[in-house]
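Structures follow.
Here chain A shows up in two complexes: once beside chain B, once beside chain C.
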Partner chain A sequence: MRLPPQPGEQVDRSRACVFTFEGKPVHAYAGDTIGSALFASGQRVFSRSFKYHRPRGLLCCSGSCANCMMTVDGTPNVRVCVEPPRPGAVVEPQNVLGSLDRDLLSIVDKVGRPFTPVGFYYRTMIRPRWLWPAYESFLRNVAGLGRVDKHRGRTTRFDAEHRRVDVLVVGGGRSGLAAAREAAARGDHVLLVDENARRHDDEPFEIVAPGRAVGIYEGGLVPVDAGSLLLRVRARHIVVATGTVEQPLVFPGNDLVGVMLPDGVRRLIRDFALRPGERAVIVAADDRALSVADDLTAAGVEVLEVADLRERDVARIEAKGRNGRVRQVLVDGEAVDCDLLVASGSPQPAYSLLAQAGARVSYDAGRGVFVPTELPPGVEAVGRVTGELGDLGPPRACYGDGGFVCVCEDVAVKDMKRAIAEGFDSIELAKRYTTVTMGPCQGRLCHLGAIRLYAHEQGTGEAAIGTTTARPPWAPVTLGLLAGRPHEPAKWTSIHHRHVEAGADVIWTGAWQRPHSYGDAPAEARNVHETVGVIDVSTLGKLLVAGPDATEFLERLYPNRYGDLKPGRVRYGVLSTDAGRIMDDGTVARLGDETFYVTTTSTGADGVLGWFEWWNAVWQLDVEVVNLTGGVAAVNVAGPRARDLLARLTSADVSSEGLKYLDARHGHVAGVPCLMLRIGFVGELGYELHFPSTYGEYLWDTLLERGADLGAKPFGLEAQRILRLEKQHIIVGQDTDSESNVLDAGMSWIAKLEKDDFVGKWALEHAKARGPRELLVGFEMANGTVPPEGGQVVRGGRLSGRITSARWSEQLGRAIGLAWVPPDLAEEDAGFEIRVDGRLESARVRLRPFFDPEGERLKA
Partner chain B sequence: MNEFAYAGEVTSRPRETPSLEELTDYVYFRRNVAGVQREWWQHRFGCELWFLADRDTRTNEVLRVELPREREPVTAHEPPVPETPAV
Partner chain C sequence: MSELAFVSPGEARAEAGFSPRVASPLARALDGADGLSDLSLLGKVEVRGTLDELPAGMEVLRITPRRALVVCAPEQCAEVLESTSALALDMTAALAGIELEGDRLFRRLTDLDPSALPAAGKVAGVPALVAGGEGRYRIFFPQEYGHSVVEAVRDLQAGLA
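Presenting the complex of A and B:
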């Protein structure tokens, strides 16, 4: 039911729309909010509270509190009091079992409250541990807010926009508008942001409404939440005109449906032409709040009592209700039957943005509010946020024994008292322990109340208690807005489409998308062992290092030697940092006296390039580093028939003498100019062909076609991982971490500590002197169980290491892996156990490669 | 993603074999001043040039940029650990 048209009402009665709530149609006018339309339809209970499932109704009507949060079209936690209705929108209550009016979980309030005191989750539901998942699932179901539908996918497209203006005004009230007009008149480029969707008349500046300033960050960056658009505003001058936030009073029954803040009541009447109740009582401490009596009277509400807390020293207030709705109010024992209690303390300046910008905040004891002082340069406050509030009287911390300090999080007076009794005597600790101020309102409605209660209980002043640190976000933000537009660019090799056509299972590895397998990884591995396989390794980083100082450059960067590497030869290299940590690995091929071709790991390519260029900037050597990664494709041809296949396609001498293990040669393969590196990550006779990426698909096709009768088939990353593990070849980042050095990783032969200097030398010297703390070793399982990667190595019941890689090797008929173990365990045949699904499985250390330990097949 | 990448303050790499304490200082400790700091930067999504900058850490103001000269004392900037295993 609506009142007759109100002057300046926001609703346009000529236009209407229909949405559904709890499955029933609800009519709304243009200009309504979902909340106002629901109120007009008779709905009074808007939510069930966080912990106790108490019925809650409209309180602030300004989008601050959590009382009206619902799920709208699948988006949870929407404050319907400020959300415009869309035709056909589906609005559902949240955190209820049943309906809003009959929530089965309200049993928590009736029987559970004695058992759920403040911090109960820190001391109950601890034992037995094995029930933790059940506790968690139980708590997640009964407590909390709306649910995110994980299967819903993206429905909103979020974007971000950078804006630079002379003046940014936050707040579109009287003072904000005046400041914006003044700046615009000066000729400044002005942007005004207002939380309300309220229509603005023609103004000589840009207005974003509704828009919320999320915070003031370093360098004056103000992110503005404009729905599906995030504006990153940088202004020379920021004017904060955020006004005040009305503060609820704390008294028994202060969360009943029908207890409202004055501005909320005013909004219902003036903006939406709604009668907020039939019989009202007003308790307030400032003129603005008390003047709501006139609005109520004009709307036909019977105002039964008005208590001005500045004049009347009220000690006790109590609201009594039935079914969660106000029926009677007692002010100092004097009972009045009513259905609306308009109650507020002093309006608190909304200083959060100013405090985030660096302003100090001090307590004004005479008026009972915190006011901002000492504003940082470039930031100005205007209007009520400065503390120009007229005559106020500080309210009591609580009127009577009971009530909620924080309605969002269901923190009651007794919870705060108990926290103090338990020693959480600072407001910062109280916040973390009781979660007061940490709910959806971000302390707007409970911060001051909590401080006041602390000051009262501890007998100190509010100034001594101080405020908690103001941090962004000042207004709640959807995660989608922060995440922005989906932007996951994938890197594809020049052969990528062939993999897709072959039905490869494509996975992400860093920024690359690569074939995990072509359907049957063990079969792909078998094919490499038996005939010949080809794998696309174009993702490897490829750097050309050339110049008179190229040798010196690599000698300084790598722990091993390159000065004695002959042109046409390849050597394995591991990069260390000066902390001794393994950074990356790859091969270095010497192409000429002053030219080296360096490969890196796929995900390490960019890091190594930057690392090389940076050290070159430091050393100022006469050397150039050229990144060839994108322009050069690479294919590894591996298996006992690899030579046969290659011989069919090239006139170059690929015999075992002509192209020995670790040789590098230029030659044409199927007419394509290639750099052929004879290396063997997967442990079989192998050739890595590097060639211009434009020939990627052609050479790939040719290798498979011409090798078809030899058994040539592609293999993916999974087969490669099995094969390399059979050789105990490490993968940097999989088998090593930020603590691993080459000595402990079983590659001490690579560290030539007798060299004058190289990056990481000193750290490795110290590591050598100290001795290893743990070593990377191979292991095989006693039975065929494949332990989980990251699993625990257990010896004598004690955790003593970890698994980094593990696979089933069909070739060996065993489960094998790599693990970090204590040095005394790093001996051939040493036994240990591995935790697998809670059981312990036996394993034995294997120090030599599982497959072809002498490298005969590799060097064949 | 930023066009220019910050790579830590400039520190000096020991000229000869350091003691463990000197090494630890060099590798792990930074001055972290509130004031003007000499830093390494790279024009990462551009010409990939490494250069030095004097930046006021309190105001973010860059006071000077220049190319490194020969034998510039160097930082021990640790390259990032890749998030995924390097294959």
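Presenting the complex of A and C:
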């Protein structure tokens, strides 16, 4: 039932829509909220409380409290008092068993309360431990808010948008609008954010409404929740005009349906033309709240009593109800029958955003509220949030010894008193122990009440109690909005599509997606041994180190020497940390006197680049480090026919004399400018071709087409892993970890400790003096079982090492691997056991490469 | 051949029955895309050191006082590389690029200030160099992220449609 048209009402009675609530149709006007339409339809109970399932009705009507939270079209915890209805929307109550009016779980309130005081879950339900999952499941089912439907999948698209403005105004009340207009008149770019959906027409600035400022972060970043869009606003100047939040009074029965805050009552009448009750009582301590009597009278509500708490020293207020709805109010024992109790404990400036930005907050004892002071630069407060509140007086902490301090979390007066008695005597501890201020209202409606209660109980005064730390979010925000669009950037080489077209199974290696195999890894490995294989190694990190000090730079970074590396030659390099541990490996080719081309592992490229740039900044050498990784494609052509294939494509001399093992040569291959590195990670004659990535597909296609009759086929990572293991070549990160040092990994030959200095030298000297703790060695299995990578090395029944790599080598007809073992085991033919599926299998140490130990095929 | 020829697509040549085909890293990703143009095959040269000797009439995106990206026609790369005594590197193959239209699209892609371009920063989660303004933006980023950036841009376009 609606009142006659009200001046300025928000509803448009000429347009209507229908949604369903608990399966029944509800009519709404345009401009209604779901909450106002439900109220008009006669609904008074809007939710069941968090813990005790007490019936709750409209309280603030401004989207602050949790009293009207419902599930709308599957989205839980929607505050229907500010949510516009959509035609056909499905609105359901939450946290109830049955219906809102008859919730079977309300038995918790009737018989469970003595057993569930504050913190009961810390003291009960501890034994037996095996029942923990049952306890958890039980508690989650009988308490809480709405549920997320895990099976619905994504239903909302969330986006984020970055905004830069001169002035951001938070709050679209009178003061906020005035500040925005003034800034706009100065010519500033202004953005105004308002929590209410109301339209401000014809303003000379942009308005986001409804939009909630979630917080103020470092650097003045203000995320604004605009529904399914998160605005990340950076403003030179932030104007906070968040006004005040009316505080509930604390008295027995203060959570009954029909106990409301004055502004909520005003909204029902003025915006939605609704009569909030028939017979009303008003208790308040400020003029603005008391003046709601005029609105009520005009709406035809009988105002039976107005108690001004400043003039009358009221000691006790009690609301009594039936079926959860208020029907009588006793003010100091004087009973008045009513169905609406408008109760306000003063408006509290909504200072939270200001405090987050760094403002101080002080207690104003004369008026009984906290006000912001000492604002940080770039932040301004205007309007009622500054403490311009008119005439108001401090009400008592409590009127009687019952009632709820926090309606969101069902924290009662006796819970707070009990917390003090248990020693949680500061307000910050009260927050953590009782969860007061931690509910969906984020303390908007319970912060001041909790402080007043603590001050009263401890006899110290509110100023001494202080406030809890203001933190984001100032308004609840959905996780989906914070997460935004799912997007995980993957790196693809310029040849990636060819691998997919060839049917490769693609796996993640770091940020790269690479072909694991093209269907048959052992056959791919065999092809490399027998004819020629090609593998896309564009993922290798590639750095150019150039400048007059380039040699000096590398000498200091690497344990081995580069000063004597001749232009046109390549050398293996391993990078050591300050602690002598292996951080990465690769090759270094000298292209000229002052130019080196460094390759790194695929996943180590970014780390090595950062490492080089860091040391370059420290040493201040005349050298530049440039990342060429993506611009240069690389293909390794390997196998006994590799030279034949290459010779078909280039006029450069690729004979065994013209391009020797560890040579680097420039030349055109199939017309593409290439750097050819003759190296051999996979153990066969091989050439790594480096060339502009824009020719990736072309050169890959050409190699396979022109090499088809030679047997050229692609091979993937798995085949490469088998091949390199046959040579006992390590993979950093697979065979080494953050503890592995250069000497113990079997590379003492690379650490030139006689050099003046290099990163990690000091640590390696100590490691050498100390002797190895464990060493990386090759091994082969006695019976051909392939042990699990990460498996245990066992000697004499004791755990004494670990497997890092293991594969079946078809070429050798043996199961081979690499393992860390104690130094005394690191001898040719030493025996140990490996745990495989609970059994112990025998293995023997092999110190030399399993395949081509003299490198004859490699250097052919 | 110069020691850095293997970095320059412009050094490719037709010879002995071979005619190298250049391919944009975004060719597939941009298939059927509206309002996005491919800048990947433009010439791009990174210069480190003095920026005073660069040839006139080319777009220079300054990253720091001693570091810049020169954007030019592909065939002009060699001229830029030879024009300066500073370290100059052909980044034509390393950087993919797109041009897109729309301020809102741009604001959903990056937190870079559209009124303070060119600038370096993250676009669609990857490191990028951005030029333009006034509703039209040119974005250069590592080519290995090409498909990923285009996918994000097209997804955001769909969200704005």
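One rule holds for everything that comes next: the second predicted complex is superposed on the first by the 487 of 860 C-alpha atoms of A that agree within 3 Å, B and C clash if a C-alpha of one lies under 4 Å from a C-alpha of the other, contacts with A are read in each partner's own complex, and residues count from 1 in each chain.
The working rule: a contact is a pair of C-beta atoms (placed from the backbone, for glycine too) under 8 Å apart; a residue touches a chain by one contact, two chains touch by 3 or more.
Worth saying up front: this structure is predicted, and the values here are computed from it rather than measured.
Of the two partner chains placed by the overlay, only chain B lies in contact with A:720; chain C stays clear of it. In the superposition on chain A, contact is made by A:671 with chain C only, not with chain B.
Once chain A of one complex is fitted onto chain A of the other, the partner contacts of A:136 are absent, as it touches neither chain B nor chain C. In the superposed three-chain model, the partner touching more residues of chain A is C, compared with the other of chain B and chain C.
When the shared chain is aligned, chain C comes close enough to touch A:629, but chain B does not.
Partner chain A is touched in their complex by these residues of chain B: 5, 7, 13-14, 17-18, 20, 23, 26-28, 40, 42, 44, 48-51, 60, 67-72, 74, 76-87.
The residues of chain C lying in touch with chain A in their complex are 1, 3-9, 11-16, 18-25, 28, 40-41, 46, 48, 87, 89-95, 104, 107-108, 110-115, 124-126, 142-149, 151-152, 155-156, 159. Residues 157, 159-164, 232, 234, 485, 487, 489-494, 497, 512, 544, 546-547, 591-592, 595, 624, 626, 628-633, 649, 651, 666-668, 670-675, 690-699, 702 of chain A touch chain C in their complex.
Chain contact summary for the complex, chain A toward chain B: residues 218-219, 508-510, 514, 539, 577-579, 581, 583-585, 600-604, 607-611, 613-614, 617-618, 620, 717, 720-721, 731-734, 737-738, 762-763, 765-766.
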